[in-house]
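By written order: A, B, C and D. Residues from 1 in each chain.
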Amino acid sequence: MKDIQSQRDHRRINIQKVGVKDITYPVMVLDKAKRLQRTVANFNMYVNLPHRFKGTHMSRFIEILNQFHGEFDIKNLRLILEEMKMRLDAESAHLEIEFPYFVKQRPIHSNAIGIGEYQCKMHGVLDENYQLVLQINVPIVPLLHIQNGGGLPQFPGHWGNAVISIQYRNFIWIEDVIQMVEDVIGHRLNEEHQGGEDFPPTDHLSGESLLSVEKIAKAIGRKFSANSDILRFSISVENLSEGYKTFAVLDGPQEQTATA
Amino acid sequence: MKDIQSQRDHRRINIQKVGVKDITYPVMVLDKAKRLQRTVANFNMYVNLPHRFKGTHMSRFIEILNQFHGEFDIKNLRLILEEMKMRLDAESAHLEIEFPYFVKQRPIHSNAIGIGEYQCKMHGVLDENYQLVLQINVPIVPLLHIQNGGGLPQFPGHWGNAVISIQYRNFIWIEDVIQMVEDVIGHRLNEEHQGGEDFPPTDHLSGESLLSVEKIAKAIGRKFSANSDILRFSISVENLSEGYKTFAVLDGPQEQTATA
Amino acid sequence: MKDIQSQRDHRRINIQKVGVKDITYPVMVLDKAKRLQRTVANFNMYVNLPHRFKGTHMSRFIEILNQFHGEFDIKNLRLILEEMKMRLDAESAHLEIEFPYFVKQRPIHSNAIGIGEYQCKMHGVLDENYQLVLQINVPIVPLLHIQNGGGLPQFPGHWGNAVISIQYRNFIWIEDVIQMVEDVIGHRLNEEHQGGEDFPPTDHLSGESLLSVEKIAKAIGRKFSANSDILRFSISVENLSEGYKTFAVLDGPQEQTATA
Amino acid sequence: MKDIQSQRDHRRINIQKVGVKDITYPVMVLDKAKRLQRTVANFNMYVNLPHRFKGTHMSRFIEILNQFHGEFDIKNLRLILEEMKMRLDAESAHLEIEFPYFVKQRPIHSNAIGIGEYQCKMHGVLDENYQLVLQINVPIVPLLHIQNGGGLPQFPGHWGNAVISIQYRNFIWIEDVIQMVEDVIGHRLNEEHQGGEDFPPTDHLSGESLLSVEKIAKAIGRKFSANSDILRFSISVENLSEGYKTFAVLDGPQEQTATA
């Protein structure tokens, strides 16, 4: 009888993905207003290996990292991927870079901080082609119109987040993606008060919260679908204001039937 | 001229995924030794919606959750998915349940705690079929053989983790998956000291650490490939001992060419 | 000339505190409704050592922990501290136990979960005396009265948290502390709408948010000061709704001048 | 009969501490090699209020923060505290700033990253006097001398952390504190192998791990006690290598009896 145990030990089993994770490193990002912004990033570097691959040279990831000389310049993202792919003899190379990005802003009320923090992530992939996915977390801070006396907008709460992932056809600034999302959130509220298509007046009487993750996701989805610089997108909206989180996810572009 | 803005507003955009996240709730899990184990879980509940879908009834998730009566029994996982799918009129229903699971164990040395904590996750999906993916985080705590005087094994350090995901053909206890992984890690060390196939003696002289994420992933991969109760698996091994993390991922089953 | 280096090496330096941290372990807590509640806790165990102390027996912490036999019964808290103090020959012994505690509750609205999660912490200290500090995190979920049409209360958001620490004179149930805090938060809103002492009507016109961390901390402080079962307390209220956190801390009892 | 309820409501209850927390903001720190280092910090700003205090002006924290103009220069720490104290009419002002700090370093082995990350925290307090406490987390990465064949040092693992808090008499660079700690950890291992005072040879035979949190804390404590630039210190050493954490805390300076 054949010895299954020894047979098993000689089966060829291949690793699909190998690399390093959770490396904190200073980074320099393109900034629309200041040209460059220095911040601190968390890095993941990994490769997909071909089947014939015999052993990883893990130290090569660190050698490549050590070429950054104390600060990673995001302009070199593609070059680094090429070097990773070549030196590790890989089918594809991945670089994930996560960092807080800061944008100066006109305070919307007296208690607002004049600089906004947006958690961003870039995921660059190089196989036969080069792809870059940009992810941005845009906090949703709606104005509530509470009619007490003067009816002034009050209580600008941190309602939730829109986590946006886009792959662009033509370069788009982080600031411009944020602006698109914030336009939608602001616009939505006006629409809502006027009873737009998605927010018929009856919504207001339903006894539910005025904002919903689905409505916001759809409104951002329409905005992105209309922008020809955006090739693909994914939108995840979450509502933190309930004690638990509700969320809705929408990917695009979608096949569309214009109804007008 | 046609008004692009209003046209845009009428494009149909569909939500793909909607639900609730990060709900902490008591849970009752099947336990090989004690029949039942009470622990605390983090829940995500969400559905994929058909295209014609018009609006979500978010409160139905909470109504279903409130039927648990203060403790979720993991035996009801499929029933809950069926109810979610039906009541939310969904294409597919998802339930993700993450919890610490405790297993009594013979302490391997005088400083070891007699109860091991394993972070587990179950992801149940119901579309036309029912699928369950079980994920278990098994800490890797190798014995190091430091030859000082008596040459006794010392310094049982927390080297890293093997994060195992399996989809089983026939039911497997959490305890048995853990045992398989711990057998491999123990076995590996013996093989290594004897210079097994994957760990030729030259490895020892290379000046690198004795254990590697690739070797451990492959050894577990061979073990799982040989187990007919396991339909599919994914193994991610991470090494925490370097200040940064190194990791290797291996999915299976793989097409195999037995060389023996 | 005297050798400073060798002199330095012989200075006596004493350790003040030594122990183990971050051990996850099942725990059984007293429950007002169900008598006992099973949950999962994070443990810290440590001792303060006398000056003459020569070396710690770190393994004794684990030996004591291993006597729990897979589940720590909170009723044994003082016994464990006595054993720690004796076996480690310590001046004082500390046990910190942190766990989520669940309370069934009447849902306040259709989207509310019928079981509330309250993060709790017990810190037992035994030196010459025995002290127990109970800490509870009570989420603040106010009803907002938005006057749109029917003027019904809407948007029950997760505004912030009241983190309560009390040392009691006579035993108080976790449930009763939570009830006291929730009474205050509910009561406050009514007071506010009627222009109570702390919330004069002019507040409403100030253009600031209706709730403030100071007002809530003071209202809870008054409630606790009036309860003779509470020996000492500390109240930290935080507001999460602004994007950043605002907070106020109030300790008691305070020397009081009754003005009525 | 007197109405206790209304009496209670008029008791004066004072807030002790009030402020803002968890604000992420770019920061510029003094760097020994490069003069200045740009990194990203988490800010807490709060004040202690006098008893007569009637109401906080929470928006003043944000006004002060907004004067930073997008980057906080750590040289202004004391100025900011003075402004906080004055504008909020406070008894004392606190500023806590936490940030990753990067130091280039000669890699100790081929897998080491050429830039080290040290989590730092500065806590400035201004009451009648000005105090600054500097906290640095120094990872402990010992070389293990594993005698297999050539007996070369191997397996440079992340064993644990030394969390150092110091209040200095004369300015000390972050780099110099790190150097002192790393000297001690390196020195310790040599001492140990030679059987120094604190590490008698018998230790090696005890079957326990070679390093202990107590020994490392005491060795750093002796080093700091001998440095006249350091006014006060607290050392917390934690060992992460066991699956749970062990730790020892030592404060100084201690009354000392030189034995040589």
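Assume a contact is a pair of C-beta atoms (placed from the backbone, for glycine too) under 8 Å apart; a residue touches a chain by one contact, two chains touch by 3 or more.
All values derive from a computational prediction rather than experimental measurement.
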item: Chains contacting each of chain B and chain D, listed by label; value: A, C
item: Most distant chain from chain B by Cα centroid; value: D
item: Numbering shared by both copies at the chain B-chain A contact, with half separating same from different; value: same
item: Chain A-chain D separation of Cα centroids, rounded to whole Å; value: 33
item: Geometric centre distance via CA averages, chain D-chain C, whole Å; value: 25
item: Whole-Å separation of chain centres (CA-atom averages), chain A against chain C; value: 36
item: Residues within chain B bordering two or more other chains; value: 23, 58, 110-113, 208, 244
item: Contacting residues of chain D [partner chain B, same complex]; value: 111-113, 139, 141, 144-150, 152, 154-159, 204-205, 207-210, 240-244
item: Parts of chain A lying in touch with chain D, wherever the complex brings them together; value: 23-26, 38-40, 58-59, 62, 65-66, 70, 100, 102, 104, 107, 110-115, 117
item: Interface residues, chain A side, partner chain B - complex; value: 4, 6-23, 46, 55-56, 58-59, 196-198, 212-214, 217-218, 221-223, 225-226, 238, 244-252, 254, 256-260
